[in-house]
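Below, subunit A partners subunit B and then partners subunit C, in two separate complexes.
The block that comes next holds the complex of A and B.
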């Protein structure tokens, strides 16, 4: 589509606005984490660092269990992602294709999961996990993360199944293949981008989860990054350099993940969702 | 048919069991809890009927929190919809770097909330933050202001931060709706001499409206339940000015040790939210039928 000069200027202005509002805070944090303390709190802030130091990172890694938090988060998020996929792919296929009584009612009830404050379940769940001996375990976090990612995962995957041309599936049905074989041999390869984006969604949900992890994890060695990081905030007098370094490190893994497969997530969201 | 039912059961049962155990059952126990007088986790309570409901409904803190929740949801919906729609429309254009922009716009959403909170607390702070000096330089203010020290500015700042985190996600969902609009419609309109604005009001807007409706519902549910950003930044303060329902529930349960009362507030909030979701999806479906 052709645009006039005026529209190009408007477009450029809006793009610039969004680029600034999204990236500027991250730039300030990342560059700030390498500045000397006196430059961080200077009256006139500097856009480009005038000093360079690694002291904040050294202090962070020597005075806290940050590496442990990172490993915990990676393990919890990866396991949560795998389980979410293992449960949601067959369920979404059943909700999409198989006929069974109460299908639509069940599907709607699953989506209602987001219609109540998650704080509500925190109170009874704490009691339940205490009885099962799951308080202060990473298993508890996996269980929680999977449950909260599942409804969205099922919803999104169902619309991905919907985007597969009918004829392909019908050919397999004609051949007399049972649902499990159709799902595994035909459908899953076809909706691989959808599965990738649901996987990223589950990973990020788990990586960023704070409330449940802060209540259910008691010992320092089992903390995830969000909880460990907020512990550092409270632990010291506000030491911005330390916090900026911590924020940068907590952001790095998701940025790396996204640099590798972020494209899938976005094309998945835009091609599969909202049907 | 019988075989299909068997597979449906095998496919759905594991996910469903998980949801029932971790979300369904606790929800039910929250309802039961609201009918008792349990004070802290693990202690036993006796049945008190609807006493908690009478107590909560006559409590001004509950009505204040409900009002603040409504303010919070409406303000977030307004800010996020405007930002997201603008971003989605831009991302639907062709310009150098659009692919990179489509991927990285989501950056604010993939970062842990704790980090988001820290970033903005720093940027808004009166010592070392970037925003006060910036506003002073531009000349909007002449001395640093404490963004979290008065109720209205605290609320507005929180809405800004939460919207900053969520609008890119909503924008990508809108972009999904936009890319579904067939491009020959625009071609035809252009040949008929329709300008950019007319193309937007006659094609883009009506075809995007159902998607927008769904997103407003989803966004409302998501922002109603936001807890961590508010809790970590203001803990409901100053003077209860940002104490929305989730904050009130948490405070009542874990600071005030009145579990049953907290469960009562939670049940009332859920009823409110489910009623909203029910009627909103229904009216949306009706509109869809009429189209």
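The block that comes next holds the complex of A and C.
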């Protein structure tokens, strides 16, 4: 298809517009975290930093509980992600492969988990966790995060399983592979992009979860970044430098995760399998 | 080497009967081709033998043992799929060795077996490659290699060549025929391409609507079809089917026919069973290749509306818009042009007679 120069400029303009909308706030946060306090609150904002300092990072890491929050968040998000994957892959495979009565109804029902705002289930869940002695534990957060990530993860992975040609699975059956071997050796490598997406989804969901973490965690030493971090905003004053440095650091694990898993998002993974 | 016996085999998907009580005996070492139009159940039947499809009723036996409910991998069968179905994330070597690994063969032995199969199929230079780095023909050879490496008693092929281009198809067809000669294993091959069926098969099963229409050698199917469907399915271009009317019987029992489409009267055709009751209106079948250029005892004059020249032969078509258009094959170069009237003769011995319902007389 041939396009005129004018049309290309319009398309480029639209792309640029969205790129700016997404990256400008991010740039503001990142660059601000290296600015001197006076520059951050300057009447005329500077898009290109005029000053450079690491003082906010030094303060954040040495005289606040931020490192503890970070470790808590990392532990909670990583464990939640791993458990979500460990449960959603076999569950999605079962929904995809096994024929059992009520399969479709059950499959649709699991998404009902998202029908309720988290605030609605907060009180009953708190009650349950209190009975189980799980209040003020990171385990509680893991349980919450997994149960909220799981329905979507299963739902998404099932369609990834569905994209694997049936003949590949049948070839493995003819080769004498038992179901779990087929899942591990044949299906999982083929849905790696799906697993990567679900992993990132589960991680980000846990990483940014605020409502439950703010209620279920009582002691400062067990707070995660979103909750612990909100403490930095004081009642009478806000240390903007500290806030921006903390926000910048908080994005780091997610960016690293994308960089690490990004290579799994290769298109045409099943290329060459069939036709 | 293995005999296969299907007894009263049935398959239904909900209310739809896909396979209707099929009985079939396949002798060890035979090359059987299931052929038929799409939706006739040939792939389903193959998959039932493989164990990939549950059997509704009836039994599948291999070497006398009932394997109807046995796991596919326990049947001594290997299958080559239409879409190759290679494991895309594994190298050619891993693809071929996977089945052996599942069977618990030690690694060294596995590699030797793969190497041997790769040599047979000229795949040695590609052992380290992933399927996506192979051409269609090479992929199909890997799929075949994955089957032969397991040394199965029975090979099943589900339209293995339909994804290949015409030239490669001919080449792979020969390779499969060669493989059958070398291995001597029982092979069952599904195709809708009657040329593949005729060239590869020791015996052909023609299927329609889940039933066997005829089971026989390619020659039998071609020269002695049981019904109009088989006559129409085997042979290319398709057999000519034109209405004929019985005007009497000769002393030898031959039916005397008037065939207005061909401008013939008193054509004496011997029915297959001379005692059979014969209705007045019949259908006469004559293959395009059974027209002989030039006049003879039974001369046909046809107006050529289109001519296709293939070099060695030419096909003359009369008005292709009509139901009973006639196709005629002329050998060698011919000066005939569209609009010309062509005269050719036929031999009554080459003609088949069918009732209106398609039953052979």
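Keep this in mind: the second predicted complex is superposed on the first by the 251 of 275 C-alpha atoms of A that agree within 3 Å, B and C clash if a C-alpha of one lies under 4 Å from a C-alpha of the other, contacts with A are read in each partner's own complex, and residues count from 1 in each chain.
Rule of thumb we're sticking to: contacts are C-beta pairs under 8 Å (C-beta built on N, C-alpha and C of every residue); 3 or more make two chains touch, one makes a residue touch a chain.
Note that the structure is a prediction, hence the values are computed from the model and not measured.
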Inset, instruction - Check the residue A:141 against both partner chains and state whether it touches subunit B (first), subunit C (second), both, or neither. - result: neither
Inset, instruction - Answer with first, second, both or neither: which of subunit B and subunit C does A:176 touch in the superposed model? - result: second
Inset, instruction - Based on the superposed arrangement, let me know which partner A:23 touches: subunit B (first), subunit C (second), both, or neither? - result: first
Inset, instruction - Using the touch definition from the top, say if A:189 reaches subunit B (first), subunit C (second), both or neither. - result: second
Inset, instruction - Kindly classify A:157 by the partners it touches after superposition: subunit B alone (first), subunit C alone (second), both, or neither? - result: neither
Inset, instruction - Please work out whether A:168 is in contact with subunit B alone, subunit C alone, both, or neither, and reply first, second, both or neither. - result: second
Legend entry - Broader residue contact with subunit A after superposition on the shared chain, subunit B or subunit C: B
Inset, instruction - Using the superposition described at the top, list the residues of subunit A that contact subunit B and also contact subunit C. - result: 269-274
Legend entry - subunit A to subunit B touching residues, read off their complex: 1, 3, 7, 11-12, 14-15, 18-19, 21-23, 25-26, 28-29, 32, 40-45, 87-88, 90-91, 93-95, 98-101, 103, 106, 110, 112-128, 130, 143-144, 146-147, 150-151, 154, 178-180, 204, 207-208, 210-211, 215, 225-227, 229-230, 233, 240, 243-244, 246-247, 250-251, 254-255, 258, 262-263, 265-266, 269-274
Inset, instruction - Name, in rising order, each residue of subunit C that touches subunit A in their complex. - result: 50, 52, 71-74, 77-79, 81-89, 98-99, 102-103, 130-134, 136, 139, 146, 150, 163
Legend entry - Residue ranges of subunit A touching subunit C (in the complex, touch as defined): 165, 167-168, 170-177, 181, 185-186, 189-190, 268-275
Legend entry - List of subunit B residues in touch with subunit A within their complex: 1, 3-5, 7-12, 14-16, 18-19, 22-23, 25-27, 29-30, 33, 41-42, 86-87, 90, 93-95, 99, 101-115, 118-120, 122-123, 127-128, 130, 133-134, 164, 168, 172-173, 175-177, 179-180, 186, 190, 196, 211, 214-215, 218, 221-222, 224-225, 227-228, 232, 245-246, 249-250, 253-254, 259, 262-263, 266-267, 269-270, 273-274, 277
